[in-house]
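Structure provided below as structure tokens; questions to follow.
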Amino acid sequence: MTLGRIAGILDSTSGSREARLFRAAHGIVFGAAILALALDTVPRFAESHGALFKALMVLALVLCAVEYALHLATAPAAAYWRWAVSPAGIIDLISFVPMAVALAVAADSRVVNLFGILWLIKLVRYSHGMTILARVIPGVGEWLLNVFLAFLVVLFAAATLAYLFEGKTQPDTFGSIPAALWWTVATLTTTGYGDTTPVTPAGRMLAGIVMICGIAVFALWAGILATGFAEETRRYNFLKTWDLVAKVPLFKSIGAGTIAEVTRLLRPRETPAGAEVMHKDEPGDCMYFIVSGEIEIQIQPRPVRLGAGDFFGEIALVVDGPRTATAVATTPCMLLVLDIVDFRALISREPDLVKVIEAEAARRMVQTGPGRAV
Amino acid sequence: MTLGRIAGILDSTSGSREARLFRAAHGIVFGAAILALALDTVPRFAESHGALFKALMVLALVLCAVEYALHLATAPAAAYWRWAVSPAGIIDLISFVPMAVALAVAADSRVVNLFGILWLIKLVRYSHGMTILARVIPGVGEWLLNVFLAFLVVLFAAATLAYLFEGKTQPDTFGSIPAALWWTVATLTTTGYGDTTPVTPAGRMLAGIVMICGIAVFALWAGILATGFAEETRRYNFLKTWDLVAKVPLFKSIGAGTIAEVTRLLRPRETPAGAEVMHKDEPGDCMYFIVSGEIEIQIQPRPVRLGAGDFFGEIALVVDGPRTATAVATTPCMLLVLDIVDFRALISREPDLVKVIEAEAARRMVQTGPGRAV
Amino acid sequence: MTLGRIAGILDSTSGSREARLFRAAHGIVFGAAILALALDTVPRFAESHGALFKALMVLALVLCAVEYALHLATAPAAAYWRWAVSPAGIIDLISFVPMAVALAVAADSRVVNLFGILWLIKLVRYSHGMTILARVIPGVGEWLLNVFLAFLVVLFAAATLAYLFEGKTQPDTFGSIPAALWWTVATLTTTGYGDTTPVTPAGRMLAGIVMICGIAVFALWAGILATGFAEETRRYNFLKTWDLVAKVPLFKSIGAGTIAEVTRLLRPRETPAGAEVMHKDEPGDCMYFIVSGEIEIQIQPRPVRLGAGDFFGEIALVVDGPRTATAVATTPCMLLVLDIVDFRALISREPDLVKVIEAEAARRMVQTGPGRAV
Amino acid sequence: MTLGRIAGILDSTSGSREARLFRAAHGIVFGAAILALALDTVPRFAESHGALFKALMVLALVLCAVEYALHLATAPAAAYWRWAVSPAGIIDLISFVPMAVALAVAADSRVVNLFGILWLIKLVRYSHGMTILARVIPGVGEWLLNVFLAFLVVLFAAATLAYLFEGKTQPDTFGSIPAALWWTVATLTTTGYGDTTPVTPAGRMLAGIVMICGIAVFALWAGILATGFAEETRRYNFLKTWDLVAKVPLFKSIGAGTIAEVTRLLRPRETPAGAEVMHKDEPGDCMYFIVSGEIEIQIQPRPVRLGAGDFFGEIALVVDGPRTATAVATTPCMLLVLDIVDFRALISREPDLVKVIEAEAARRMVQTGPGRAV
């Protein structure tokens, strides 16, 4: 196995089968190790299965070390140092060195647990979607921060008032501003433990206002994230689809000017070999373009096989009826799905493209007779 | 009653009167049976009405069995097996077989209750809207899952820290990571039972951070679902309206190119026979197109009857005044509503269509005199 | 005072000065009466101020009766009965009759309190915005209902499981399904009283899942309402602005086709007499069109007065500088505000309209010298 | 240092380096003083560090006074009074006068704490983003208020019912409507302290309904704020970008008509001197336009320096490949970023602009050979 191939497997953005398997195995081992770490803190389990837990932790540590070594080995010659000081390199290093030391010197097992949290970060680092999600936060970060600042101001002002109102009545829990903060934060986030509650009328009125402010902060935050998320989703879906659209000759022909519009209407879908993409007689609400792979349309007298660049399922959209045949993927396929809603919108925006699709639908219906074609 | 008709009634997507009645009766019987199941667990009620509760449960079980048999009987010959192994078939089967067995062998009534939960699934299965709602989740599922993963990571990291900070002070509730999870999940979801709370300064600071993370998870989830929901609503409304628009000749004439635009502006409304669609002298903020049914416009000297393909209520939009007549549905009607806001937007997008409507409004006003027409 | 004038005052949608004063007085009297009702339940206050409270309640009752009589008297001859059986009429009737009876027969004061809730409905009925808000709910009602159904299903399933898991350990609080519902609803809404909590591992795991489901229901509901609200806001603002736009000759000239587009960009603003609309040397980020009223532009050597149909504040947009003069409303004014963002968007959509505005800006700058005009 | 320069530093909207430093120092001093105020209420800390805390507070007070004096001194001659009675002037005045008096007369330290809250307002006043955030609320204020009114109505109605249902069973906590409000507000906001809970079946059913109403209020508020926030964000970003776009000659040439469209696609980004804007061989998903500052493109044989008005990073977009060179800012730069998604959308909307960019990309690739240019 060459170093290049190993580098490909370790690459967290790679979509290859090997890389995926590695990520799955990685997730399972570290998930199990974290579970072992957690259960090891229960005396009853530690006694009965302590050895197993220890073994799992050591296994995870060894894996960490191996992974770190491979990362270093596969980095380009001049980039050893660059990777080692990158956030990923540092996380990978501190995910095994301190814990190994802690285990070796037989320190307090609590310290070991603390370093176990670093494994959670490793788990997340290999999660594809997580890195995408991380893009939403920066875009609206300035706004989130401002709401957070407002949150802190309200928090502090409320704690001061609570201290003034309740300090004399309940000196234990409201006797100082830092003490009053405990009640205030639990109330402002609407958590409401209820271990300390105001008893004076002024304190209770304050509590009501703090709760309502809590709702407002909540709502504002939700509003900001919803806005940022909607934007980022659109961006992400566009990029994901764009690369696939470029591989279908039919779309290339419509010109660079309008391809961006069409890209917005399509959605990619991956299909494993053997999966039924559409079933005869079921209502049809979308059509498919094949980016890669092979689809078998099960029509009589003999099935038809379609490959990259072909499309199918358009008859149900054109004549607004049920599917006229079953389609099965004979290899793993990458398809682009055009929903019926967007197909209809396309009629006015891209009449030429729709005409090509309709002509093909007509040809297929004539050739095989209606009710037999796709 | 033929098998086909029975199949139609059992079809949960059917809109026929019989199918609706069946669904309503189905809902009432199973709602009552679930209520009986619940009340049967209260010793006081079980003693006084135990027999009634048992009877209701047995009735529901019998209905389950009959329904299952009918489903099998009405399935196409080759599809018995297919239906039986479909999720719907399996739910229908396990909704009565295990419970009947449990009742028969006089097992612990708690087991009977457990199977009663399956009736809830049956209830949901016949809910039309529920199946639509279910479409929202898959579209944004990848994102929800990623937020959920982040939730788990924060949950676990916070539990580990809480165990480290509080474990020695409160060994009962924070003495192990699994134990600390109980406090952590209640705090991260801002539920805040308050049965266990941190007491050390570090633990309380952690609690504050966990609560704020809880708000963020909440907000992110809300943002994702709002995005997905807005998209799906648009799609659903478009499809629902499209089929109706195709039945109005006026819209057909505007050409396939722009019909999708017009569809977006219309909203379907169902009206029972005898209902007043609009009332004379009230402000008018929409006009109506009749898809099916008959509407009586109550103008002097004699009322006018309009049928499928006609429109009414346009005068109020054209002259921006109150309704000039009352309109009553003489049969159940399906109408398409065009809001005044969208009518005005239509002026620039579809001038020809608006001209037809304005011409008809002018004709009607001349014919009957202003203040008398629709 | 004629009956017609009284009818105008009572009309809750009227914008006249008299009607507004009436609504304000109405709100104050009923607000005070409700407060009296509430404080009357505190023995301490009832003893010291009981007579005052009673007097306020009787005053509110008398007002209710008078209002009811006036509503009947001002209804058109044939519509007495129609109004009396309308929701508004029934609310008005039961807002004083049962309570008057209860007070008269010296019944338990608790019954009196119950009827006091009806005054809250009266308060809301006269709130202009409330009736608008009520439009949002129906539009998304079908979806809200489905989420609510899902909420109930989860609630019931969770209560059944909680009963099965915890029933034996805590027979008092989880001993039957109805009893378990109390804990379940407090957890599913993330309220978390903490008066009853599960203690078995299975019960606590269930609790965690229920809390997360609670977040999801919350988030779904927020998403649905956000979607509905955004739609309704757009509609409401459009209609509010449209009527005003029609009164400005400049906009009429741009043709019915594009007036809808322009309406979307404008926002109405009401200004009392004497208010400063814009201040010299401050940054200018919008311009104004006068729908009604008179504005004085304070330029040297003598101020200019602008009336309905005129516009001002455009120079700051055209030359991108600070305000060149202060503008004060000499009478109450209704203005249409065009934000700088929308002004720039208008350049491409309505070049003719923008040219008219720019020409006027140029004329004013030449006439009075730059730095002196508006 | 002239008065004008001091005025510029005090201006909270200024973006100059001095003004920023002042704001940072201001924030640190007042943050420390507020912390001192809080810790001073803890007897243990007050004893050990009391003198330090007092010193910090006095320092903050002196700064307040100096700031106030400078503000007055730098106000234009005729505007002393105007600033003194403006909200900012009044806040600045009461942020030190009452507290100084309280400290001087050695009053109860609790009074001093109360005035400390005013420092929080000062902190916020200098926060740039906060003033922007404040714009969101007024736009949707009418709606928020209506939801709040509904909240109050539900709150009061629920408290009345809770008093009726629970008053006799729990006279201490539900014995009067004001007392019942405490439980109601904690439940309606889903805070759920759990210090008082209903015990009768009717009271518990009411509690369930109140919790669900709480979710609805929450959700409605989130929906309203999300709508308002999305709108305001768009406006803010547009204005921020517009001023920068006007400084790039390339955009000026596309005509006033479409510049608003282009502005929507660009995002400003500030870069300190020495920062790496893009790195060779990394995937490229955006291109940059230089508004001000200097960028060095590190290509062989000698680096190229680009200045205001130039653009770079376009090759990765045109040929859809990785970056062909590293770009470093040699001075602090203001850039406009065009995302790949928007670049593709631009192809259909602004073909001429895209052609200019593509021509330049081709020229650069020819000149330096592919893989070497930007």
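Going in written order, the chains are labelled A, B, C and D, and every chain counts its residues from 1.
In this text, contacts are C-beta pairs under 8 Å (C-beta built on N, C-alpha and C of every residue); 3 or more make two chains touch, one makes a residue touch a chain.
The shown structure was predicted, so the numbers you read here are calculated from the model rather than taken from an experiment.
*Asks:* Per the definition at the top, count C-beta pairs in contact and tell me whether A-C or C-D has more.
*Replies:* Most C-beta pairs in contact, of the two: C-D.
*Asks:* Mind checking the rotation angle between the two copies, chain A and chain D? C-alpha superposition, nearest 5 degrees is fine.
*Replies:* Going from chain A to chain D via C-alpha fit gives 90 degrees.
*Asks:* How would the chain A/chain B interface be labelled, same or different, where same requires over half of its residue numbers to be shared?
*Replies:* Different, since under half the interface numbering is common to both chains.
*Asks:* Between chain C and chain D, what's the gap in Å when you average each chain's C-alpha atoms?
*Replies:* Those two chain centres are 27 Å apart.
*Asks:* Could you put a whole-Å number on the gap between the CA centroids of chain A and chain C?
*Replies:* The mean C-alpha positions of chain A and chain C differ by 38 Å.
*Asks:* Chain D: which residues touch two or more other chains?
*Replies:* 190-194, 218, 222-224, 226-227, 230
*Asks:* Note which residues of chain A are touching chain D in the complex, please.
*Replies:* 140, 142-143, 145-147, 149-150, 153, 156-157, 159-161, 163-164, 167, 175-179, 187, 190-194, 197, 204, 207-208, 211-212, 214-216, 218-220, 222-224, 226-227, 234-235, 238-239, 242, 256-261, 263
*Asks:* Can you list the residues on chain C that touch chain D in the complex?
*Replies:* Contact set of chain C toward chain D: 34, 37-39, 41-43, 110, 113-114, 116-117, 120, 123-124, 127, 129-130, 132-133, 136, 148, 151, 181-182, 185-186, 189-195, 217-218, 221-230, 233, 285, 339-341, 344-345, 347-348, 351.
*Asks:* In the complex, go through chain A and note every residue touching chain C.
*Replies:* Interface residues on chain A, with respect to chain C: 190-194, 219, 222-223, 226.
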